[in-house]
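Note that the chains take the letters A, B and C in the order they are written out, and that residue 1 is the start of every chain.
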Amino acid sequence: MSNSHSEIDVSTGSNEAFRLVVSADVLQRTVALVHSLVDECRIQFDAEAIRISAVDPALVASVELTVDRSAFEAYDAADCCIGVDLERFRDVVKMANRDQLVALTLDPATRKLEIRIDELSYTLALLDPESIRSPHDHSEFELEFAGTVVTEAGEIDRAIRAADMVSDHLTLRIDEDEEVFYMEADGDTDELSLELSASSLVELTPNDARSMFSIDYLEPINRATPSDVELDLEIGTEAPVAVRYEFADGAGDVEYLVSPRITT
Amino acid sequence: MSNSHSEIDVSTGSNEAFRLVVSADVLQRTVALVHSLVDECRIQFDAEAIRISAVDPALVASVELTVDRSAFEAYDAADCCIGVDLERFRDVVKMANRDQLVALTLDPATRKLEIRIDELSYTLALLDPESIRSPHDHSEFELEFAGTVVTEAGEIDRAIRAADMVSDHLTLRIDEDEEVFYMEADGDTDELSLELSASSLVELTPNDARSMFSIDYLEPINRATPSDVELDLEIGTEAPVAVRYEFADGAGDVEYLVSPRITT
Amino acid sequence: MSNSHSEIDVSTGSNEAFRLVVSADVLQRTVALVHSLVDECRIQFDAEAIRISAVDPALVASVELTVDRSAFEAYDAADCCIGVDLERFRDVVKMANRDQLVALTLDPATRKLEIRIDELSYTLALLDPESIRSPHDHSEFELEFAGTVVTEAGEIDRAIRAADMVSDHLTLRIDEDEEVFYMEADGDTDELSLELSASSLVELTPNDARSMFSIDYLEPINRATPSDVELDLEIGTEAPVAVRYEFADGAGDVEYLVSPRITT
């Protein structure tokens, strides 16, 4: 163990320990992004970053998230993995104002997480990481995406909220010839369409694509997404959609993968 | 059909078609005013204005509303009538910011209403106008009103909210000799009185009048009313009250008529 | 009866009468402070102040509150006592804007309270003071407090809200040697500690003390407390805690006494 880890109590001989300091803003955002899909998750720590991957109970949507050490005020971590109850963790972290700092320390002896916000100290019991569902790597999916769209999160938000009034499903579609990205919902009586031409988008790689998704999965992801970020969407035909964006001034990176509903 | 209707698809031979553009602000207000009494309504269009009249299911309260073509950014309508589910319509129109424009187009072939807010297009199924309850004209009532009051909506709001704590009923009363307008509620234990002398009112025509109304009817009308408008009240003895005001910078006009509770 | 009481109708010969004018702000605060423990209370009036004392139904927490006549815009009261339904009273007083004046007049003939907010007059039926539970004087308790803490209400608020996530109980503790005030909660899985050293407090009289309280009692008191006041806490060992602070620019004074949970 290098000198740089001198603050960590290594008396137990375990190298599973860390001490991090991070703004409540970044931590609250990180928790919200994962909590949109799952109630508990594993968090992996190494010398460079924290990584979270999780899949929802029905195995329809998964998330991969990385927060680089540069997002932290202080970062001192050996390789380790903890299991966290996200609802409890969120409630504790919410007690900080957004501009306050939060210190996270793993006590290797008790395997509990100390969360410190100024004079307030909260000791959070951890979950057994082995007990938590683990997703495949997104890289294993070998998706062949037909088209890509870069757009403001606000546009997706409008489409999802409007589609929710009409139907349980939202279709994402790219028309290659028209160079238009469509978000469409077709309900029992009403219909909804948001059409964004290349000029209304930040970027469009127009290949024909069309997949339909359950709004029940898109909606919580949308709610956790800041309205001012630029989203990268990769859309195929009857294929999962990948939604990717950066947060924490570029030090954080999150990718969701949502499986399509099979259209008949 | 004149040239000015050139944008309308008349391929079906039907002259039942329109294309209107209006600020979300005016449209949201219009919908709210009618939705305070009913869940569905007929909307009549002609070359000069749209007109809505509706009566609540118990036939206690009715509304007549006109929005002149001058309130619209673009107005192109032949005589026609549609039936609208107001809750659905409200939810769609709420998606616009108050200063956005909303375009309404009736497709005469499908008899569906296209609601367009920038790139967002919502196709709303319409109701059969014949299936919707229709009120008598207010002019048929031939009310003989004893007194009139012109006052700020905020005063009525205060009285209704206070009276609601005391009783199910609110009495509107004008004392001709005192030249005072009273709003009074008399509960099992408590009493409420708001007395406005001529000097506190915009206008008072002091004839003795006294009628009692169910707060269940006054409250939703009050809630839909902007707090800064001037209300015209016409009050009789054991007679309906007429509540009238303008909106949309004078291009809109609404009148409610609420039947009294018979006092014993 | 002196000339200064000339505004009061004494035609019944009763000297139980008053006429007060007070800002809605002060009156709303006063009602909220008492309503945090009880739904009804006696209010005592004399020439110098109004006084309220009340105890919760389980006899765990009590409040003593005084508002000096200097907090009122007009104050004209003979010795008297009324019984008030606090929920109803609160709802009436809430109708005033915080900077409006509220006039309270007791009609000795009808034994009803007239609450006047500009042109609005509300007549509130009173309760029989004899029917309302009455606490002992706080002075009768002869508490021997071991330590005292003066701190900002915001710190207590943070501790109570955090402790509520962990446990049903909050322990208040002073460590005499360390000169530290602790607020601690120990739950089934998690732990919470807020430690405030003398330097983080406005004042500390460090005598060893430790008592545990039900958060169900602390929480409503905390919610009614303005976040910017300085609280005086007197803490003993297995003894009631006294929480005292001023409001209404020093013209109001409130003290809560909460009994401890017996620790085993």
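One rule holds for everything that comes next: a residue touches a chain if its C-beta (ideal position, glycine included) is under 8 Å from a C-beta of that chain, and two chains touch if they have at least 3 such contacts.
To keep track of the chains, here are their UniProt names: A, B, C = DNA polymerase sliding clamp.
Note that this is a predicted model, so its numbers are computed, not measured.
In terms of the stated touch criterion, the partners common to chain B and chain C are A, listed by label. Overlaying chain A on chain B by C-alpha atoms takes a rotation of 120 degrees, rounded in steps of 5.
Counting the residue numbers that touch the partner chain, chain A and chain C have less than half of them in common. Note: centroid distance chain A to chain C, computed from Cα atoms, is 46 Å.
For chain C, residues touching at least two other chains: there are none.
Looking at the complex, you find that chain A touches chain B at residues 158-159, 161-162, 165-166, 189-196, 200. Residues 88, 91-92, 95, 119-125 of chain A are the ones touching chain C in the complex.
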